[in-house]
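Chains: A, B, C and D, in written order; residue numbering restarts at 1 for each.
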Amino acid sequence: MRTDRLETFADGVLAIAATLLILNVDTQVSGQGDLGHRLLEIWPSYAGYAVSFLTIGIIWVNHHGLMAQIDRADRVFLFLNVFLLMVVAFIPFPTRLVAEHIQDDGATAAAVSYGITLTATAVMFNLVWFYASGGGGRLLRPDHDPRAVKGITRSYRPAPWIYLAMTLVALIAPVAGVLLYGAFAVFWMIESSLFGRSRTEA
Amino acid sequence: MRTDRLETFADGVLAIAATLLILNVDTQVSGQGDLGHRLLEIWPSYAGYAVSFLTIGIIWVNHHGLMAQIDRADRVFLFLNVFLLMVVAFIPFPTRLVAEHIQDDGATAAAVSYGITLTATAVMFNLVWFYASGGGGRLLRPDHDPRAVKGITRSYRPAPWIYLAMTLVALIAPVAGVLLYGAFAVFWMIESSLFGRSRTEA
Amino acid sequence: MRTDRLETFADGVLAIAATLLILNVDTQVSGQGDLGHRLLEIWPSYAGYAVSFLTIGIIWVNHHGLMAQIDRADRVFLFLNVFLLMVVAFIPFPTRLVAEHIQDDGATAAAVSYGITLTATAVMFNLVWFYASGGGGRLLRPDHDPRAVKGITRSYRPAPWIYLAMTLVALIAPVAGVLLYGAFAVFWMIESSLFGRSRTEA
Amino acid sequence: MRTDRLETFADGVLAIAATLLILNVDTQVSGQGDLGHRLLEIWPSYAGYAVSFLTIGIIWVNHHGLMAQIDRADRVFLFLNVFLLMVVAFIPFPTRLVAEHIQDDGATAAAVSYGITLTATAVMFNLVWFYASGGGGRLLRPDHDPRAVKGITRSYRPAPWIYLAMTLVALIAPVAGVLLYGAFAVFWMIESSLFGRSRTEA
C-alpha cells in the first residue's frame, strides 16, 4: 500500500479528534446564572481543550516525522496504525472528564483516565515504530536517515514510562497530574523545536 | 473520474465515522454517583468503541486493497460507493445502541441492528467489487494482478453470509452475537496480516 | 490557486456533513419503551438519513464533474464555493426537522425548510458554474470538453426551479414534498448513471 | 516536512470546524411551540452560522494564500500552525454563545467571547506569517513573489487591531459588535475578490 492514503486517514482522524474537543467546552457552559460568570468558571474546559489540542498536534507532528522514514505499509503496520488512531481518538473523552470533574470528587478518576489514555498512545507509538524500524528496518525507506531513525527511537522509548509516572502522580494528586500532562506537552514542543532539526528534517 | 478524489471522500467518511464513535462513550457516562465506579460500569461502551473502530479500520484497509486494482470510476461505481459509505457511516448508531442496551431488555434489538448494519456493509462491498471486476474487468487496471483480484473475490463473497449468521445468533443470544462480531474483526485482522501479503500487495 | 486544495476542502465538508447525519438518528431513539418498537417507529429518521446522504453524495459527484472542467480558481470562485458548501453543510439541520416532525404538526415547516435548503444549494451550484464557465469560459481548462460544458449547463439550469416546485408542493402536502425530494435524488442517480457517460467522462 | 501534509491537516480542521457549526443551530430549535414560529425565532442561529462559516472560509482562503509562498515547514512553524488551528477550532463555541444569548442578558459576554476568539485568530495568523517570512524569508520559496509577500504582510498586520476594536465595541454594544464582525467578513470577501488578484495569484 502506498503510505499516502494512510497519512490521509491518519490526518483525518487526528484533525477530527482535535476539532471535536470543542464540543466538550459546549457541554460545560450549560446551566443557569450570569453567562460572563459561567464563562470564567469553566476555565478547566479551556485548559483541557488547549492541552488535548496541543497533545494531538504533537502526535500529528510525530506521526509525520515517523512516516517520513517509511517507504511502504503492510497489513500489520496498517492495523497497528488503526490501534494507534483508536487510542488517540479516545482522548476527547477523558479530556471532558477532566474538564468536568477536576474540581469535584471525580478528579482522581478523571485525571487517571486521561493518563491511561496518553500512556496507551505512547505505547502504540512505540509498537508502530518498532514494527516499522525493527527486523532490520522492515519498512524503512532505502534512503532513510540512520541518525533520524535513532533519534526517533531514543525519543519514543521513554514516553510510556513518563506518562505512566504522571498517571501515578495523578492517582495521588489529580491536579498535579493534570498540570504535569500540560507541562510535558509544552516542554516537548519547546525541546523538539530547538533540537528537532538536528535529529530529523521536520 | 480520477479515483483519487473518491479515495479522499471515502477516507474522510471513514475517518469521521470512526472518530464520532467517542461521542457514544460520552453519553453513557452522564448520571450520578462516583465517577470511578461509573467509568467501570460503562465497559460495554469501551468494547463497542473498540469493535466498531476496528471494524471501520478493516473496512478502510479493504477499501484500499480494492481501489489498488481499479483504474477509473464511472457514475455507477461512484454511486455504489456512496451507498457503501452510507451504510458504514450508519455504524455509530447501532454501536451506541449495543453499548447502551446490552445489559437491559433492549439487548436483542440492539445486537440485531448492529448485525444488520454489518451485513449491509458486506453486501455493499460485494456490489462495489462485482461491478468493478465483473463484465470482463470493467474498471480494473490494465495491469491488475489476477491473483489479487481472485483473492479479493474469494474473501468478499462469504462475508454477507457470515454476518447474516452472526445476526441470527444475536437474535437468539444477543451477548453471544456481539462477542462474535468482535471475534470476527480480530480474526480477520490476524488472518489478513498473516496471509494477506500472499494475495495482495497491501 | 491550485484547484486541488479546493477539492480537499470541499470533500472534507461534504464527507463531514454526510457523516454527521447519523447524529440526527441518535437523538430520535431516546425515550422510553421497548427498544425494538422504538427502532421501528423512527423510520422517518432512516429515510431522512438515506435521502440526505444520497443527496450529498450526488452533490459530491456533481462537484467533481464540474471541477474536472476547471483549470484554476480565483478568489470570487473560492468564495462562491464557500457559499455553496455553507448551504450544503446546512442540510443536516432540516433533515433532522423532517425526521422529527414529519408525523406531527410541524411537518409543513420541516418539509419546506428542507426544500428551501435544497433550492439554495441548486442556486449556488448554478452561480459557481456560471461564474466559472461564463465570460468566455473564464476558469475553464484550455482543453475543456465543450460537449461536457454544455451538458453541465443544461443539467444545472432547471434544478433550482425543480426544487422550488417541490418546495411549493411541500407547502401544501409536506409528505408528498418529502417523497418528491427522495424520488428526485433516486431519479437523478439513475438518469446520470445511464446517460452521464455520454455527457462527461465521469 | 513537506508542506502538503500540513495543508491536509489544516484543511481538515477548518472543514470540520465549519461543518460542526450546524450542531449549534440544532440545539437552538429544541423546545415547545409551533415549529414554523420557532424556526423564525432562532434567526440569530442562522446569522451566527453564516458569519462563522464565512469567517472560517476566509481563514481557509488566507491560509492557502500564505502557504503558496512557503517552501517548507520546520517544527516551530508546525506548532505555530497547531496554535492557529486551535483558536480557529474554538470558533464554534462563541458562535453558539452569540446565537443563544444575543437577545438576553448574556449578550455582552457572548459577543466579547466571539471577538476575543477572532482577535486571537488574527494574532496567530500574524505569528505564523512573520515567523515564515521574517528572518530574511526563513521558510519562503526561493521563487516567492515579493509583491505577494508584501501584500500579505500589509493585509495581516492591522487585523488584530481591527478585531480588538470591534471587541471593544461589543463590550459596550454587543449587537453592534456582532454586526461589525459580519460586516467585516463581507467587506473582506468583496475587497479581496476585487483587489486580491493584483496582490497574489489566488
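Quick note on the criterion: a contact is a pair of C-beta atoms (placed from the backbone, for glycine too) under 8 Å apart; a residue touches a chain by one contact, two chains touch by 3 or more.
None of these values were measured; they are calculated from a predicted model.
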| item | value |
| --- | --- |
| Distance-maximising chain from chain D - centres being C-alpha averages | B |
| Equivalent interface positions on chain B and chain C, same or different at half | different |
| Whole-Å gap separating chain A and chain B, where each centre is the average of the chain's CA atoms | 26 |
| Length of the line joining the C-alpha centres of chain B and chain D, rounded to whole Å | 36 |
| Per-residue multi-chain contacts in chain D, two or more chains | 8, 12, 16, 20, 23 |
| Complex interface listing, chain B residues touching chain A | 7-8, 11-12, 14-16, 18-23, 25-26, 29, 34-36, 39, 49-50, 53-54, 57-58, 60-61, 64-65, 68, 189, 192-193, 196-197, 201-202 |
| Interfacial residue positions of chain D with respect to chain A in the complex | 1, 5, 8-9, 12-13, 16-17, 20, 23, 73-76, 78-79, 82-83, 85-86, 89-90, 92-93, 96-97, 101, 105-106, 108-110, 113 |
